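Here the structure comes first, spelled out in structure tokens, and everything after it is commentary.
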Amino acid sequence: METLAFLFQWGLYALLAVTAVAAVGVVTLANIFHAALCLVAVLIGVAAVYAALSAGFLAAVQILIYVGAIMTLVIFAIMLTERIATPASGTANRLVFPAALGSLVLFIVLSRLIFSTAWPLRPGGNAPLTAEDLGRALMGPYALPFEVISVVLVAALVGALVIARKDRP
Amino acid sequence: MSSHILSWITFTPLIGAFLVLLIPKSYKAYVKWVATLTTVITGLFTLKALTLFSLATSKLQMVEKVAWIPQFNVQYFLGTDGVSFPMVFLTALICIVACLASFGIREREKEYYFLYLLLETGMMGSFLALDLVLFYVFWEIVLVPMYFLIGIWGGPRKEYAAIKFFLYTLAGSLFMLLGILALYFGSAQHTFDWLALTQTKFDPALQRIVFLAFFAGFAIKVPAFPFHTWLPDAHVEAPTPISVILAAVLLKMGTYGFLRFSYPILPSAAVWFQPAMAVIALIGIIYGGFVSFAQTDFKKMVAYSSVSHMGFVLLGLAALTGNGFSGAMLQMFSHGIITGGLFLLVGVVYDRAHTRDMGAFGGLGAQMPLYAGLLTFFSLASLGLPGLSGFVSEFLVLLGTYITSKTWAALALIGVILAAAYLLTMIRKVLLGPANPKWNGIAEINLREILTLVPLALLILAVGIYPKIVLDYMTPAVQSMAALFGGTPS
Amino acid sequence: MNALESLRFFVPEAVLLAGGFLALFLDFFLRNKKWIGGFALAVLVVTACLCVWPDKNSILFSGFFALDRFTYFFRFLALSVVAVTILLSLASPETSGKNEGEYYVLFLFMAFALILAAAAVNLLAIYMAIEFVSILSYLLTGFVKKNPEAKEAAVKYLLFGSVCSGIMLFGMSLLYGASGSLDIAAIGARLGSPAWTGLALTGLLLMLAGIGFKISMAPFHLWAPDVYQAAPTPVTAFLTVAPKAVGFAVLIRLLSASFPALAWKWQAVIMGLSMLTMTVGNLTAISQVNIKRFLAYSSIAQAGYILMGVTVLNVTGLSAVLIYFAVYAFTNLGAFTVVSMVSNQCGNDDLSSYAGLARRSPVPAACMTVFLLSLAGLPPLAGFVGKLFVFSAAIEAHYVLLATVAALNSAAAAYYYFKIVRLMYLTGPIEKTPVASPWPIRLALAFTLAGTLGLGLFPAPLIGFVRLVLGQ
Amino acid sequence: MIIPLEHLLVFGAFLFAAGIYGALTRRNILGILLSIELILNAVNVNLVAFSRSTSLSPETGQIFALFVMALAAAAAVVGLAIVLALFRIRKTVWTDEINLLKW
Amino acid sequence: MILLPCLIPLLPLAAFAVNLFFGKRLRARAAWVSVATSSISCLIAFYCIATVVRTGTMKAQWVWIMLENTPLRFGYLIDPLACVLLFVVTVVGTLIQVYSAGYMHDDPRFTRFFAYVSLFMSAMLTLVIASNYVLFFMAWEVMGLCSYFLIGFWFEKPSAADAGRKAFLVTRVGDVGFLAGLMTLFAVTRNLDFESLGASAQAGGPLLAVAALLIFCGTIGKSAQFPLHVWLPDAMEGPTPVSALIHAATMVAAGVYLVARSFPLFEIFPDVLTVVAITGTLTAFMAAFIALTATDIKKVLAYSTISQLGFMVAALGLKGYGAGTFHLMTHAFFKALLFLGAGSVIHGTGTQDLREMGGLFGKMRHTALTFLAGSLAIAGVPPLSGFWSKDEILAAAYQSGHGIIYYVLLLTAFMTAFYMFRLVFMAFFGKPRSPGIHAHESPAVMTVPLWILAAGAVLIGLPGSPLMGNWLGRFLAGPHTHGEHALNLVVMFSSILAGLGGILLAWLFYVRAPQLPGIVARRASLLYRMSLNKLWFDEIYHVLIVRPFCFLADLLYGFDQKAIDGIVNETGLATVRTSRLKAWIDTYLVDGTVNLVGALVQLSSALVRRIQTGFVQHYLLMILAGILVLIFLEFRP
């Protein structure tokens, strides 16, 4: 049991590391297509983290919505707008140095904050949620936001349709 | 009607302004007559108020008070006393005169008279408002028509002059607004009511800050020395009637502000600021005099002479004595009529010759003898010739100042000499000397122009010979003011 | 209150939503799309009529949205702004065409989103409502066909907004983690102790990115000029007012509910940003040549003044914000109404189109002058009342520096407002034909002009109403 | 919890910082959109982690995360639509080429 | 009845108004309006004088304004001193106006001339009877104004226009001192009435001495005393009757009158009196010295006037209150006579240059004879009027103990006789030097006043002479106890000697041996050039005052343009008429916003704009930087 927990723990760390590397890949890889693939990796990695945190429903949604829907869309868009064989040069702008510095400082600041904060941990942690729990919540207290989301999606689709559709004279 | 006489005085021009707007294009010729009639009616209301005015009291008279923004204690509060009434009278008079002088305006007449009458409402309101916010409102209302009047109908650099005038004054008045708000929050009862504020004793530190804030607003309008640079531009570029109003009324709004608000509400700060005020006044007097002397532009010379003469008003204020105050008030009045007249005269010759370069003239005394006589008369009044109003006020200011500081009075006397120097030089260049053949056919000053000047001249003479006719209106107010600063009220 | 109980209070919003879907439905049948605009207007009016003055403040939908007087105020603001925008759109060639139906639908949704945002009292609700407003704004910005600039602006807007909302979300997640709750009042209660200062402040600053983006507060304002310039004029008119208003509503709710204990910290931040915002806005506005871009910077500066009221979050400050917003809405929409008239006629937004406008069409020029003077804060126009109140707030709290900077800024601002006035009155007309003024524009102009003059001359009712809203 | 909360949070912060970096440096607009997804995922990691450890009611964090995903989807749809529309007119997706509007 | 004296100045004022407004219709009758009013004033004045002689001082006062709590009263005060002046001014004034009617006959601005002269009469008479310093000062200034108008009467001539301005400005300097003196006096005594001056001045104190000195500044300016005498010679640009009336007989004597009026104040301070005496003496000598070489007939008389005024001032400074006033009276007559005579000469010959005249005696007999009478009077030949008054002054000097003053004055008296007879000999005797001049006698309207004045010049000394028991002195001294000078034979003898010696020397130089002046001039060339160039006063003032003044004015204006208003305005002026104006306004208008900071604003505007690169990732970087900065600011220790 100990060993399993140990393995699980280190496995999770490894997962985090891999995901982080993939994230770096998303932002640094010269080829946008590769970067998109890296993002898929990150998304899957994050989904795995959700699963590890016993948020299985969320993990599933992550895979379905993100990887399934959004990423397909993105990659489709990439292929629409750019040939895959675009020369690799010049995919980053001239802000690399200040951006790196800024991001680094931001990361350090946030890390320091994270470690210096005494997080008010709930003793024993919250119990894991089932899909049913979430469903009840969405139909209960979160009913209105849930409905609003649907409106947002409708509006977004209507608008996106108008904007993206080809003009016929 | 007489119960709301001050409102009538203030808003009659506004009514007239909208009437002017309503005149259809085909009746364009009547626009100026409607406007003139409006100013005359306003003048009649002022005369009516004159009969109602009691000389016996320093209290506010003909008060009108209605809540305007009750949540903020802002009132529609009009009233008059010896400080404001002469200014109201002056405004009414000058507005009639300048309206007559505007007949030469041919371009965009409707707009012109609309703005002109709007301006009159703003000026009247500024002098009559006794609620600080209301005062500020009127004060700012003045700016906008002024901007257009200079900007549309002005000289070659009109746009520059207009915006410069506008921004200068606006910047100053915004600080004034801050000061007004500071008084509001500094007063226990949270009020903008002038009467209540004068009865409140403010903390000296607050007084100083507010005084400085007010100073920014008022000194720019006066204009006191380092803030005067808008003045030559605005005066020179403005069309003649507007220069007249600028010099005769608008500048007075600054010193009126000191007299009405800064000094009675913030007496300890006034004492604290006394030396600085005197220095600013003296610099204005002497500096203005010298700079006037250096001018070759006729109008600019008169403009700079205003800096010098308004310095006397400030000096009278700085003296903090009864004579100083009455001198300052009288100087406001007499500078109004004198410099107003001078600008009219500059306009007369400019209309004919289309130049204001004094060097281009010469010998006009022979070609336009009537004009020469009037110009000489107003110049002499301006240089403080006894028997004319300028002398009395300068004398009172000097007398008042002398008691406070001999040095100040002595320095101010330099200004008296300077005034003679630049005005006589002007007369020498324009009227005297060999006649310039270029102006041989130049038309003599016409009847309408004379009509605009005569009332002013008569008033100058009357005040100069028997100043009590004006001083009597001011005396109670002066005494209560002097009492604030340790003067002995009788 | 749970969802079912809450619905009773939610009738206006429900009507709005229903109207939106109905309009979408009607779009399939109606050939003349202007009718949909008319329908949308009708929906807005009906909604406004259905709004009932809340006797007491209640929290609806299990703690997501507050139905209080504050919401009530912003409901009206949002509805009026959207209504005026639709009026402008009806007359604008930019927004006319095949897709006009969807356009009005989006605006009805927008009204709904705005009200939600103003009512949100929960981080989730705040995020959702703001994101909803943002998404609709991106869409509306890029709505014009074949306008590369509009598309470009939409892209910039989208990228900028997404990053900002990402940053805000991160801040929200931290706050949530530290407090264990998404309710802004609960956050305030949990994070009140000094031990939480660091985290709460970081959370707030990160959230400021999102809210600052909405209210175009420096340094989060950079998107605004580009977007305002390129978006269709009615949309720009809308964007300069409504999203800002709800941004301020959210900011006020957040600061007063979640961070009252940190006031001594954030007041300095907001004050600094207020001065920065007005200065940057004014300085940059001076050298603009495009009227919409010019008004964009002006609106940035105006946001700076409004932030003065936020800095002093007491009754004076809050009434200052609300009053300023009311007058600013009228004034700015009024200015854009005239801009819309001119650009409908001239087809461009160059300042040079305004040369000699006073000769071409005196009435619009005079109205524009009134609006600009009001923006400059000159009495007796509405803008002055707003200025009076924000200055009062600063002076009352003894923020002399803030007041001084604001005063200097106002003077500088007057300069560039007068630049337009100068063009209209002091220069000759390039073209002689007067600009057209169809009835929707006239209606909008009359409405905004009445507001600008009326609120300036008789501000007492508005102030009374605002006091009532604030429970005084 | 298998690993300390702080470690998860640092992971989230890293994703966040990386996303910010990407948003700042990617020349391709789609690259920026990818980076924004990274940021949103960072937030979601945080939310889920908090919902397990500090949240007063367990479901809030996860539901928030769900909403973030949904809204991200909506934003992505709109974003891609706008990018496509832009590409159609300007034939570019590179940020430094979309600067018609400035100053 | 109480208002009767008020008519004295008001009548000429009415004449002024009538002539000014109805002059066009009056034409030649204008002169008679002036003369008539003046004559009536003269009669009223005589009546008043008689009243004063019989019953003592006449006075009345009304409140003019309130100076805080002190009322400032205006009114008249006719005491013996005022009587003397009233007599002089009305009589001489009227005569000169009669003369002017002839002299100015052909001038196109004939009516204007009489308007001015009437205004002057009004002001002068007001001054004479004024009861109060302020009213006095007001009249004083109006007189100055009339002087300005009349000097510049022929304003088409630049030199006349300039001279008027110079006169006004120079006297203004003195007037300002006078005004300051008034204020000082008021501040100390709270009283500006003449009548109670003696009583209120008893308080004393150094400030009062300063007041006296400052008041004396007025005299220096108005009576052309050193160092402000420079305006008077230039004032001769005016018509000659004006020179006679204003710049010889009356106005310039007002300064002396001022000192006499303020005598109760002055006599408290011996040091001040000494200053007055020295100023007077210096002026008298200096002017006489310059007059020695002057060649313009009016300039000689002008310097002579200055010199004689110096005598009067010196007399007052030497406590010779009666002597000074007496000389004022006699001088008014003989100097008016001399000027009118000179006017007649100019009228007859058309030139003012002595070197072109000569041998006029035969052609202008009336003029010559009367002129000779005047010259004898001024030279101090007994028993003409000048002798008596000058003798009294010399006696006062002799007794004062200031020996040097006495000798200087005596020398001056000698020089006076010399230059006057130099003038007489050059103009009336010898042969005509310039062939182009065809002299003719003036009409009766001019010669009759000459004769009347000549009679005055001869006889007017009598009331003050020992022959009439010093009546005038006693009359004047009524309130004062001093001023009595016993007949002093030494002084009288030396005075006669000086006068006759001067005449003799002049005869020697200009009749007997005409080559002598040239020789003397070569021998004492420095002295000669000093005299000829009027001691370089004008040049020195030009360098020391006028040039720095103008320079300062230009400098300050430049400062105003450049430093205060920014360099932009200068450029603006240059580009006003170019099409660049608009661009210029746009570029520099910010100057208006905060003036000096203007350019800065424009610059920062340009800089701030640059942030808006249009490049979305720059914006994002700004956000990041902004947040980081805020975080650091908030978490700094």
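Letters A, B, C, D and E mark the chains as written, and numbering starts fresh at 1 in each.
The rule is simple: a residue touches a chain if its C-beta (ideal position, glycine included) is under 8 Å from a C-beta of that chain, and two chains touch if they have at least 3 such contacts.
In this text, all values refer to a predicted model and were calculated from it rather than measured experimentally.
Colleague: Spelling it out: a chain qualifies if it touches chain B and also touches chain E; which chains qualify?
Modeller: C
Colleague: Taking the mean of all protein CA atoms as the centre, name the chain whose own CA mean is closest to it.
Modeller: B
Colleague: Just grab the chain with the largest centre-to-centre distance to chain B, centres being mean Cα coordinates.
Modeller: Centre of mass proxy via C-alpha means gives A as farthest from chain B.
Colleague: More contacting C-beta pairs: A-D or B-C?
Modeller: A-D
Colleague: Tell me which chain's centre, taken as the mean of its C-alpha atoms, is farthest from chain C.
Modeller: E
Colleague: In whole angstrom, how far does the Cα centroid of chain D sit from the Cα centroid of chain E?
Modeller: For chain D versus chain E, the centre distance works out to 95 Å.
Colleague: Report the inter-chain centroid distance for chain C and chain D in whole angstrom, where each centroid is the mean of the CA atoms.
Modeller: Chain centroid spacing, chain C to chain D, equals 26 Å.
Colleague: So how far apart, in whole Å, are chain A and chain B when each is placed at the average of its C-alpha atoms?
Modeller: The mean C-alpha positions of chain A and chain B differ by 72 Å.
Colleague: How many Å are there between the centre of chain B and the centre of chain D, using C-alpha atoms for each centre?
Modeller: 65
Colleague: At least two other chains touched by the same residue of chain D: list those residues.
Modeller: In chain D, the residues touching two or more other chains are 9, 16, 19-20, 23-25, 32-33, 49, 53-56, 63, 67, 71, 74-75, 78, 82-83, 85, 95-96, 98-103.
Colleague: When you check chain A against every other chain, which residues touch at least two of them?
Modeller: 93, 95, 98-99, 102-103, 106, 109-110, 119-120, 122, 142, 145, 149, 152, 156, 159-161, 163
Colleague: Please output the residue numbers of chain C that touch at least 2 other chains, ranges allowed.
Modeller: Only 124, 128, 131-132, 135, 139, 142, 146, 154-156, 159, 163, 167, 174, 177-178, 180, 198, 202, 225-226, 287, 408, 411, 415 qualify.
Colleague: Spell out all pairs of chains that touch, sorted by label.
Modeller: So the chains that touch one another pair up as A-C, A-D, A-E, B-C, B-E, C-D, C-E, D-E.
Colleague: Touching chain C in the complex: which residues of chain E?
Modeller: Of all residues in chain E, those touching chain C are 589-590, 592-594, 601-602, 604-606, 608-609, 611-612, 614, 616, 618-620, 622-623, 625-627, 630-631, 633-635.
Colleague: Mind pulling up the chain D residues that touch chain E in the complex?
Modeller: 20, 23-25, 32, 95-96, 98-103
Colleague: State the interface residues of chain C toward chain E in the complex, per the touch definition above.
Modeller: Result: residues 155-156, 159-160, 163-164, 167, 198, 201-202, 205-206, 208-209, 218-220, 222-223, 225-226, 265, 269, 280, 283-284, 286-287, 408, 411-412, 415 of chain C touch chain E.
Colleague: Could you list, by residue number, the parts of chain C that touch chain D in their complex?
Modeller: 123-124, 127-128, 131-132, 134-135, 138-139, 142, 146-149, 151-156, 158-159, 162-163, 166-167, 169-170, 172-174, 176-178, 180-182, 186, 225-226, 229-230, 287
Colleague: Please output the residues of chain A touching chain E within their complex, sorted ascending.
Modeller: On the chain A side, the touching residues are 93, 95, 98-99, 102-103, 105-106, 109.
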